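As written, the chains take the letters A, B, C and D, and residue 1 is the first residue of each chain.
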């Protein structure tokens, strides 16, 4: 028998739990040559902002042991160009597209939510709260429960689309952040975004990244991501999208057992452009081999 | 010319900046067959507590991509047995020994500081604040600036020996933690302790570690450690001991440039038992090859 | 001691089981049966940790080139179970490996008079070959080899060549008796005979059963344990196993890499 | 496209420089000079990211075994500079590699009439050989090869065999003229001649100088850039380079892996 791989996240039906992570899959089209987009559960766009963002100077990326740092600076075409140039492609693909967005003030976030709310091709919104609040001395929304609550609830009131809050791992208490976003009305939580890391070139005596620090991703961060997903799943009722260092179907199943209803593949797509599809296929094979009829029966099935 | 590798930390003279990290070097003697203890700067004991501690059930360790998780449970012989059975060996080695200690209440910490304060063979104390405060609902001392301040200042009053506060990386704001320890009278700061991570065995549907979560160490965590050392060095005047994923002399020099006056080698000693000595040698060679006369000139010399 | 070793041969001896011979330093001649080595699979960080393997055999060989002196070698017998052993099985002759050992406390060889009953499950046979080589010098040695199927019964001919009497049991009956190796051990013991001592290595379940049989018949018994190891030198405390006095309330842990891997059956807690 | 490739040969052609030939799929016949491949060094996570290498040559070979049909191959010429290239240089014939490519936008071959001046610094020569092979079919081709010392001047005989006229300059004068390759280029240009176009690959400093020379003499010029890459397919945005309109206030970044690596010299910002 063919196992049932379908899951439902924030009201969005996914044919399987494998999504692609924001910023690692372009706007979808870039990977069309490598991935059958109708063999994955959903894909998430590059983070979008009101105005086009050109991003940081280079170098923007550096490899670290088992991972990488990026300081792209949220480069994106901006919501207008996205609607004109990228949305038409979404129409051609029968797979839910999630729009990831950010801002530097609550107003910007809300405006983004409004703009995206009216685009039928967008199945849901993922709000990236790992950004500094310029109105509050640059404190990162996602590192303070109150700030997170305010920005998420403001966006909640600005859209009727499913709203997924994406959590930053650079916090003392990930559960407090999760609860704040739940209370603010998020329909689901995705975690984790990148840890903050740094690399140094000892010969130039300079940071490798022009931006000095960068976002840390890849297999190296998996243990932290898995721990946070497990902590949040125990404490919060919302469906969780597990993210962080997922390279294989085994990695993905670890997140599902820890409590994730779906997962996102990020850095892995750089190393293997068809990673997301391969992982979905691998998960299905594992279920078949182990006589598991539905992926849903594995969600949070960890025995502790 | 032979470069000057000596540094001074919290009043302790080190022949070179390379120390060994608590819990990864036993009580020193275990590595005597592999390391010339008089070729490293200092070594730090396994974490000590008032009573002997038997630690956690097994499995206690698991490998992760580029790192490992441990849930040893702070197993140690207890301060009495340490004084009787382990201290005599310290007398035979002409290298500073730092005693790492912990407790579950402020009173336990203070009592430990008092006991260790009177041992002449101990050059300094490293206080591990990554432990739950059983008197305060198990909140980890090292994740709350106020708790950290209280326990460190209490120990400060209990010892005249150099006191090094070892910071936990599982916090939103590492600088706030560093400042709290500085205000409490710590002579130096060591960072980072392990991140909290998790691994799952999908076939058994159980966590790999009997303790469910564990401390994450090894090369994988280096980018986070380096970033935190850099952040703290910019904000706090105290000397810093950099720790986290240091496997090579290059890694060690990255931490020095970021602002560390000394470094500790942890997990690397498991893979290469003479890692600490090899790293000290490698650093000296690099200084020679690059015409750097003193390691001190590199401390915090990062150009940003 | 840490040393760089050159692979002399690396061959699959049974489906999924490989035997590797590599050069060893002269000091390795002092290795004891039951001791182990920590092998670093490569110089990269994946896999990060060394892998522990029992010493299957030690000896000397004479290199091909003319006028060469005999050189010591070391052998391991390993089962491919995961990342590290997969990579190990892909290595070739002349490839170099970073090895730490011999490590740990080996088997006590006891007195010549007593008959030696050595019990091995699957790859647990690995350290028993080196052991048997020493034991046959003075004592009668019987090997009880068990496995799930015939493919898990390793190197029996080598044991027989030593003059060891071999009793084989497989769960599927594809080789020797059908059933557990412990049954073969019991029936042998019930057959009586002189004073005997048991030395065993294999899955924890088998060791537990063997220890039970031994104490029931008040026969001396040594077992070689496994444990997840990071350092192999007593520093990480990752490898511990519960000792005889162990209870969750009053834990009593033994360090497998330094106090073991070989323990007297009575030193350990078998159910906890 | 991603494909699994078998190494046919991997040899050091000059101290620190290696040339690797490997099998390629039929589709690879469509590869353009200036395009590149992303090579996955091994299946482990260290190194994690693929490494980008220009296409040094493509062609077909006939396997040894009888009745074999000609098969396409691909060659890269690489310099050992760090972890990944060290590992790459340790690989042997018959080892397998996971490759993604051909990727990016290659050189425009232009019209036969114009003389082709190709300029390469050190390993920057790599993509120029494949380029020269195409260009000589219709045009006069001159190669200006520069390096620090003689060891950095690669495969000149191969270029000469194509009928390319080679001008060599080394900073230490150990081979050809002493000095920078750009000086050789300038003196050639001042010698006059028909309409010419410049195609260059090498260190950023050299490319910047070449672009300057070209615009000064209002000669068409294409340059092949490097950039730190994670994906090679336009998704990570890690590889960008500043375009002509770039200022810190109004950034204008071009994606090296998809809009490049070959750009028209005038498209780029050379000082920022």
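Just so we're on the same page, contacts are C-beta pairs under 8 Å (C-beta built on N, C-alpha and C of every residue); 3 or more make two chains touch, one makes a residue touch a chain.
Being a predicted model, the structure only gives us computed values, none of them experimental.
Note on connectivity: the fewest steps through touching chains from chain B to chain C is 1. Chain centres here are means of the Cα atoms, and by that rule the chain farthest away from chain C is D. With centres set at the average Cα position, the gap from chain C to chain D is 54 Å. If each chain is reduced to the centroid of its CA atoms, chain B and chain D end up 47 Å from each other. Here the CA centre of chain A is 36 Å from the CA centre of chain D.
Along chain D, residues 45-47 each make contact with two or more other chains. Looking at chain B, one finds that residues 65-67, 218-220, 247 touch two or more other chains.
Taken pairwise by the contact criterion, the protein chains are fully connected, each one touching every other. Interface residues of chain B, counted against chain A in their complex, comprise 64-67, 69, 143-144, 170-173, 195-200, 202, 204-207, 212-213, 216, 218-224, 226-227, 230, 245, 247, 250, 253-254, 257-258, 286, 301-304.
Listing the residues of chain B that touch chain D in their complex gives 65-66.
Against chain D, the residues of chain A that register as touching in their complex are 23-26, 30-31, 33-34, 46, 54-55, 57-63, 65-68, 70, 72, 75, 218-220, 247, 267, 269-274. Only residues 1-2, 40, 45-50, 100, 227-231, 233-242, 248, 250-253 of chain C touch chain B when the two sit together in their complex.
Contact residues of chain D toward chain C in the complex are 44-47, 87.
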